[in-house]
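Each of the next two complexes has chain A plus one other chain: chain B in the first, chain C in the second.
Moving on to the complex of A and B:
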């Protein structure tokens, strides 16, 4: 068993590793992360997770519900630390898993992965308390600076394979002929509690192998995905080429100074999160029921409306923006006709909010023999190249919803350090 | 310095001297202003009143040698007419909850029904105050006949006591506002003169505790977020003063001339580690403010106590008694509430709580407050400057900024960004700590129902 595997085992048991080991781990993690672009490309299948906030036992529950690493691929959208009691255990475990299985787990930066925020919201205090000095906090902050700012999930299937037993109480739009399963919600026992279907989109010969470089006239207005079967015939198996756009994952949301995914790639990210500008916005913004852009009550980032999301997705060949950053009582919340989803993975947040958590599974599109359709914003719809023939379909989305982990097994610490005020 | 006098009391306004009331306004606009605040007369008055109330909650050594403790609902405490009227005021506010039921529509967290409740209170504020305060207090006139009456100042602190209708949160800044409301009534001689301690403990048991009860009901009814909490790494999501007064209730008894003890406990006080035991909390919350606050945490939080409330858990390990806890709580209140920009930035200053410098104030060690922006990693509040009040012992106030994790001993950390800016509303949306001065303050009368989105976040 390697040191790393031992560290993983120890952290899984919610026991911290020695400071020297943290230092080494952080060094290795930085070496790995420095090679990643600002926007990491991730192939489906992948399970997308939102805020963790040091809720270690709930992170273990997440792995129980979603499958263990490396059996399941994970993408965590930041906010590993602060507020909860176990930010160290949670972040160090995720970091160990990243170093051990770099292709199986992707970590992107949240607004809490910052020196200034962690000194306010608890992670700094936790490091001092658990390690007796700020060294570990400093090592972790250095890693934060190297975390990617976003990820693009490619090759997700538009259709879900139905899973699990249906509960009697399952709410469902009726599966009828020529429909495909679009979303499914499962509880932590794997029972389906809701599913929605949509009309199957037939393929035409043109988009079985999506042309990459056919330019179309600039005046040719591309249409959004048409109604089912528009202009398409072909057999019932013709869904093979269902083309799903890429899914952009960021912690917060969009930025008024970022109109293409490529612009994210231009950011010099290896720094403390600035208080304004593109990098700040990606980590701080929130979607809202407004038109256009609005000022955020958080004092950083912006609010953005459905029109912004639609335009951004269209221009960048995206079918979905997945983000975290906001507590949602149901664990996930789709907005703007499914153009954006908030995923929140900290159940009963702060021990009192009473919310459930969710993770989002995107399946692999196996229809093209494993070839991933590279639609990541490098080319595409902004040139109008796909014309009216194919809309970008949103991926099939399976949400697994779970509650806070049971608490009965957690022992009480024997030592009670005494705060300065009380000495 | 009056350090020898065991009791310093907040002096009432001299009725024979002229006085001008002032519509209170915010004076703490950026981080550096906190140092000014800590040298102001308003700060001294707040602290004096708090310590006066605190002292009154220590059990009393009676002349016959018996010890009289002051549990909640104690028969030994009589409520004066002004105290009873304030209780009625609180009951009326509670009744307004029925007029503003929680909104049933979709919500992310905080319930917008609270805005309705607050609107009603605001619309009736003049009547409510008239019904509970004597005209001599409420309508006391400025020497200048054109000047405002005391009502202008009382209203500001009263309305600031209930949480933010914009942000749907409640925190220690609102609690501070209520303390100022009571202290303002005190300064206006709204409470009867009595032996030191008598009226004060009636205020704590008869008004402060019912206020805390009402606030807890409001928080639960509208799921108000904690303003400015650090998650598990703060003392309490919403409150502070019950930990001060409650620890005093269990401290050793005092005679009228004794100084407040710094160690020890009342002989039959529960062990501080009782906070981690549900049955002891259930028993003690009925009679003690500290346990009453702990009981509320038990009501709203799920999970092991030591995990969701590690600071309170650590404090429960203190072996040197409730007086030690009391002393620590006061130091902590000074550092973590009164010295924190995000908390005190909303506090308005008028004539009763004056922004004027206290003549005895010790100047802050540094005055290089050039910006309040994110780059201003102030380290100069590491020592809380300010007035040395009579309560100041030889021991310096602990560091408030920088590396001031309260349990961090003098280990010499790195030059850290300032940690004193606790942004409000942490439950769901983290706010940028550098943006705090741009956050719309509590209750201006023209509340923007969209939640204060009209200000540029970086605007100073």
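Moving on to the complex of A and C:
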């Protein structure tokens, strides 16, 4: 067993590794990350995850529900640290996995992967508490500076293979041959709790992605209606094309100075997250039900509306923007006709919100014999000649929803508050 | 201790799984009924309803079903503390809007590049500052101004605590620019109770705010005293004050109890209700 495998085993048990080993790990991680572009290209199948925030036991639950590295290909959209009590264990484990299986796990930067934010929201204090000095915090911050700013998922399938039982007779209004499974929501036992279908666009080849079976057996029949408030709905794009566009993954959102994915590639990212500019926006901005761009009422930060997402996706041959950054009670939230999705992977956030978490699985398009269509702006860029209805088809989306892990609660806020003689 | 923590984790897990099963906690002492309810944050649909009814975007963590209620059945007097009514008192116009510390710097850097983007989306007091002092049930005998203070000495006595709870109503991380939260603590002793609803806000490098509402009830005297205190201080002043002490400055800045000793009093009101005939 190599040192790295031993470190992984130790961290999985929620035990820290020695400072010298952290230093070496961070050095190796930096060597690896420096080779990555600002936008990492990732081939489907991939499982996309949102904020973790040091909730180590919930990260273990995520791996139980989503499969282990390297069996499952993972993409984490940042905010590994702060808030929770195990930022170190969580981040160091992810970093070990990155160094051990660089092609099976992608880490991109969140707004919490910054010196300034971590000194206020817990990670710095945790490093001091657990290692007795700021050294480990400094090593980690140096790694933060090298994390990619985004990822582009290529070759995702437009159709999912149903995980649960096939549609029942209530779905007969839509002949099964002419529909494909677009979205599916599974609970942590692998039972389908919701699914949506859309008309199939291609008649010949199968390009479906098989689900990974984690359950003892499929559960109840899929329900027809979507989970309230998640915004999940059928036929996200309603396009006439049969291509599945690339999926851009960023922590926060879009930026008014970034109109193409290529412009993200031009940023000099190896620095502390600045207070302004494209890099800041990608890590901080939020979608909102507005037209165009808006300023956040807080006086810093951008909000962007559905038209911005639609235009950006069209221009860059994207079918979806996946982002994290905002707490959503249901674990995921699709907005703007499925043009953008928020994925949140920290259940019972801060050990008191009682929310569920989700991960997003995108399947592999096997129809072209494994050849990946480079719809990332490099090839096949839309020239507008196809008309307004042309576009790329959104990928089939499988959400696995999970609850907080039952865990040792030492050091956590007690559910039953201890009575005190407050005045 | 192990079994205790296991029970606790089971309880935590159940919070996330089946919130509906958690029943309100309640106690009745000398004709007063005290009820608390703690449930997970609201889901997307109720949040949208709340946003529509309030006219502002609710905080990130909105415990819309949480509640602390006090009732005196005999005199049909009652009041409660809930998130919606507290948020309804937040300034919805943007007139008292704060700016994050780096706002000027941020906007300056943007002036040249984004002249088109000047509009602040849906302005309102996003610090969710509220002067909420509770919701009195309709038909209840009203509070009237008084000079009679809450008898702190009686509350310092180590009387047995029959019932205690700490209920959060809302919380927001101000997009990682600090914290704002409204929570409600209550302790019930054999002949009196004290409730403290505290609004706490720290806008990093800008401002600290505390708004404390204390409700004291003497069960035997059938008397209720309500005290509202507003405290506020610039961040830098607090930092300088603390710099001269040997305290762990960041820790104190996270602790509203310690801050309440430092922040100067801005406003104070006293009111009472007499439930005797």
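One rule holds for everything that comes next: the second predicted complex is superposed on the first by the 339 of 423 C-alpha atoms of A that agree within 3 Å, B and C clash if a C-alpha of one lies under 4 Å from a C-alpha of the other, contacts with A are read in each partner's own complex, and residues count from 1 in each chain.
Here is the rule we use: contacts are C-beta pairs under 8 Å (C-beta built on N, C-alpha and C of every residue); 3 or more make two chains touch, one makes a residue touch a chain.
Small disclaimer: the values here were computed from a predicted structure and weren't measured.
Chemist: Does the superposition put A:70 against chain B (first), chain C (second), both, or neither?
Modeler: It touches nothing on chain B or chain C.
Chemist: Answer with first, second, both or neither: which of chain B and chain C does A:132 touch in the superposed model?
Modeler: In the superposition, A:132 touches chain B alone.
Chemist: Looking at the overlay, does A:85 come into contact with chain B only (first), chain C only (second), both, or neither?
Modeler: first
Chemist: After superposition on the shared chain, which partner residues are touched by A:257: those of chain B (first), chain C (second), both, or neither?
Modeler: Only chain C is touched by A:257; chain B is not.
Chemist: Just checking: does A:112 make contact with chain B only, chain C only, both, or neither of them? Give me first, second, both or neither.
Modeler: Both partners, chain B and chain C.
Chemist: Touching A:53 in the superposition: chain B (first), chain C (second), both, neither?
Modeler: first
Chemist: Which of the two partners, first being chain B and second being chain C, lies in contact with A:403: first, second, both, or neither?
Modeler: second
Chemist: Looking at chain A, which of its residues have contacts with both chain B and chain C?
Modeler: The overlap between the chain B and chain C interfaces on chain A comprises residues 111-112, 117, 119-121, 125, 275-276, 284, 294-300, 303, 326-329, 348-353, 404, 407, 410, 416-417, 419-423.
Chemist: Given the complex with chain A, which residues does chain C contribute to the contact?
Modeler: 5, 8-13, 15-17, 19, 39-45, 47-48, 60-61, 94, 97-100, 102-103, 105-107, 109-110, 113-114, 116-124, 126, 152, 155-156, 158, 161, 164-166, 168, 174-177, 185, 187, 194, 196, 204, 250, 257
Chemist: Using the touch rule from the top, collect the residues of chain A that touch chain C in their complex.
Modeler: 111-112, 117, 119-121, 125, 228-231, 256-257, 275-277, 284, 288, 290, 292-303, 326-330, 333, 347-356, 403-410, 414-417, 419-423
Chemist: Using the touch definition up top, name the residues of chain A that touch chain B in the complex.
Modeler: 53-54, 82-85, 111-112, 115-117, 119-122, 124-126, 128-129, 132-134, 138, 275-276, 284, 286, 294-300, 303, 326-329, 348-353, 404, 407, 410, 412-413, 416-423
Chemist: Considering only the defined contacts, which chain B positions touch chain A in the complex?
Modeler: Within the complex, chain B contacts chain A at residues 108-109, 167, 229-234, 237, 276, 300-304, 306-308, 310-311, 313-318, 324-325, 327-329, 331-332, 335, 373-374, 398-399, 403-409, 411, 413-414, 416-419, 421-423, 426-436, 438-439, 451-458.
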